[in-house]
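What follows is a pair of complexes built around chain A, which joins chain B in one and chain C in the other.
Moving on, here comes the complex of A and B:
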């Protein structure tokens, strides 16, 4: 069962990067970079979403794929920081 | 990917310069006469190594009477750039003119839009301040992001991570510079029935270090297959003025001195060239690490960063994309 945070992150990416609400378009563990869904500017947009919409500040050293490169990684990172 | 060839070292980039000059010259003549059907070439000369070598190759190919040079400074260009451009045009003996694009940039809002974005980070920014953008992260395996560096009128340096919207606005505003320059180049090309030369080297072309519909736009790009190290070697081989051969590559776009490696590339150009060569010829991160005397993890990040930038560059290279292929064109 996806958490509310996972659902929110996935909906953001589906709507803004893939222009769809079809959840089958993006698996929760799929790499956003490897699938070519985000480039470096796209990644900065995700960081802005995390900071502005989810209320968590991302420090420079936290801007790594391990924290940001899938729906589940983003959700896990944000819930650790909250 | 090409096949792996020998041990990776600075000598990997050595090449037969006379043969290369002949090959480029012959290609330029053929492209102009057979494909573009134009009478000559317009080259915007920045005072940097790439436009200088491109202009010199244009002269070798079709003669100085058929090459028209443009010096297009604006308020943030270094005075030394214009002076080197002037020196090059006189050295080559081509017709040229200088046109300051600052009033055009002022009228279109380039400086004002940029300064508004800077002021949302540094509210006191204004006359007497200087700025530049520095890239960070990719070299440490992090997401590439941007830092705004300013110098106050008192000489104090300050820096802050750039929020995305401000970063995008500063880049969008400064991109006016390359796009207005290109507009001037095509004015002269249309007037003379000439073609426009684009001057990216291989590193810039491959990695997307250019502005779409700005300096990325041109009719022919004579040095896009040459590594920057090779462009420097050609400059010396062709006897271009010493000031040009020894100039440090800068963006010449921001008011603080800004090396190209600070803004875009992970390493200084000589090392980036070797990394790109390694990538293109199937050398491993371990081989690159040994050639550059850096650790293997670092070399791995550099190779990954090349891959990411290459993917981004695909957008910059792409023409307007049609929804349906037209069989007739």
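Moving on, here comes the complex of A and C:
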């Protein structure tokens, strides 16, 4: 069962990068970079979303794929930081 | 729309000369070519130039109440007049016309000065109450329609345009240095200032009352934003539906007219949404109008055709070349009555001409959506700068600017340092009211290096500080995004978008514009929206897109916003008719006007002639100086015969 955090993150990415509300369009562990869903500035938009709406600050050294490259990784990263 | 003029005696009850009023009306007759009318009594003279739109046969102004003790001249439309009239009739008022104008008279009788809160519309009103010997001047909430006045101690003269005041003989055209300094900071003088020394404008949302020799002002409405706990908390989908419903009603009442109503269709989200909302009213044969540019960088005609076909409108377009811009430039300064820093108003002058040629007097436009629903790039830029300011040393964060300015080059330390200097300045001011606008104001202010030494000595360059000192004292309690919206709404919206590029370019061809996004119910709803529903991440006008997504093709709702721009200095400099305008920039003419340094202006002119693409600053300087020189010739020197005949 997806957490509320996962749902929020997924909804933002679906709406802003895949232009859909169809949840099957993006698996929770799919790589956003490999699928070409976001580029480097797109990743920065996601970080802006994380900071503005999820209330977590992201340091330069945390801007790495291990933290941010899929819905589950973002949700886990935000949970750890909260 | 129409034009109003008037003279009120301040100290005694002198009867104003009818001939003087007549000259004032003639000077603004382009605003109302269909009819003129006057009311003259001890202490007051009112004049009116009429563009007939509601009650074409019976709506001649000035209009009075039952016992002729209250008189009104008015420019504008009260869109909820049908509902207001029903209520007034129930309260026992008798009407002799079916106009919206007469509704205002009876509302005043019923509610006194609070009548204005009942009005949903756009208006500049001059109302005379002979019982109290009281003159009331009022302007609509956001400043769609203009109203100027001057006070020489004996007489208060007022007019829809400065031309009317100049024709009264009470006012001499002279440039106000502080207002030019405003203009070369904010793009326009901030109300109540105008570019004319001694001439004030009624502020948007303000009422000016002259009674017993005393002039008082009262702000009856202002742009205000909620504290944290006052934002709407509904689900985005239900808020989107509420927004659509409000916009639908704002559009519905703006279709009320006894003449055909058309719409501007630029190809962007705002006008497309508007046309979709009009079509939901099931009008047949909706006519839409747009500008196409020869220059591919500015042209949106592909989107316009797609939309016209999707929304089933009968579409007309006018193609604008750089020669057209040069040809209409001075005429646009004549109608705008102000220097401008971009040529963008000029095509709007051509567009209203197209509307008029097609025998339309009224168009709905999408103007205002960017201010009300979070559309401007300056808000995005501020969001990125705010994002960057959280970690000013970050090397990643500034790269988000590329979303906004794809041409920015972040490679190499030198480029990074440059970008850091330009966009990364002022991080310590992130909580200040003017944080978003300061970089733009700094860049625009660079035009002041062209000031002549004498002019520079005559002006105190403190425009941003003056703006902040006059701002709504509640701003520190607002969200940052709302502060940025406020600054935009108090400067460029009334002073440039709705004026130089709005009313004045519409009225140049006697066309009335109507602005559903600026319905005060829409504004009062939108200001309670959490900012993230206006600009979500970097997606502008998020809630509007969500509200309209089922009515518009995805190519429009997903389209990156293209700011409305027209070819600027390079177009003017290359145009075949430029020589006549270049003469305005001759060392002699620049020295005679006295505002700018002739040598520097000559160098700028030479640069414009030899360079295909001027930078942003030089472009604004070129258009700004040329239009200031044109303004000087037209108004201070009074060399405007050609344009007076044209109008």
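Everything below uses one rule, namely that the second predicted complex is superposed on the first by the 82 of 82 C-alpha atoms of A that agree within 3 Å, B and C clash if a C-alpha of one lies under 4 Å from a C-alpha of the other, contacts with A are read in each partner's own complex, and residues count from 1 in each chain.
We adopt the following convention: contacts are C-beta pairs under 8 Å (C-beta built on N, C-alpha and C of every residue); 3 or more make two chains touch, one makes a residue touch a chain.
None of these values were measured; they are calculated from a predicted model.
Chemist: Output check: A:68 vs chain B and chain C. Expected answer is one of first, second, both, neither. What do you get?
Modeler: first
Chemist: According to the stated criteria, A:36 is in contact with first (chain B), second (chain C), both, or neither; which is it?
Modeler: It touches chain B, and chain C stays clear.
Chemist: After lining up the shared chain so the two structures overlap, which partner does A:77 touch, if you call chain B first and chain C second: first, second, both or neither?
Modeler: Neither partner.
Chemist: Contact-wise, after the overlay, does A:48 reach chain B, chain C, both or neither (first, second, both, neither)?
Modeler: After superposition on chain A, A:48 lies in contact with both partners, chain B and chain C.
Chemist: Let me test your reading of the model: by the given contact rule, A:16 touches which partner, first (chain B), second (chain C), both or neither?
Modeler: Only chain C is touched by A:16; chain B is not.
Chemist: Please indicate which partner A:57 is in contact with in the superposed arrangement: first for chain B, second for chain C, both, or neither.
Modeler: It touches chain C, and chain B stays clear.
Chemist: Touching chain B and also chain C: which chain A residues?
Modeler: Shared contact residues on chain A: 40-41, 44-45, 47-48, 60, 63.
Chemist: What residues on chain A touch chain C, complex-wise?
Modeler: 12, 16, 19, 40-41, 44-49, 51-53, 57, 59-60, 63
Chemist: Show which residues of chain B lie in contact with chain A when the two form their complex.
Modeler: Listed in rising order, the residues are 136-137, 141-145, 161, 163-165, 167-168, 308, 311-312.
Chemist: In the complex formed with chain A, which residues of chain C make contact?
Modeler: Residues 383-384, 387, 390-391, 393-397, 399-400, 402-403, 532, 536-539, 554, 558 of chain C touch chain A in their complex.
Chemist: Quick one: in the complex, what on chain A touches chain B?
Modeler: It is residues 33, 36, 39-41, 43-45, 47-48, 60-61, 63-65, 68 of chain A that touch chain B.
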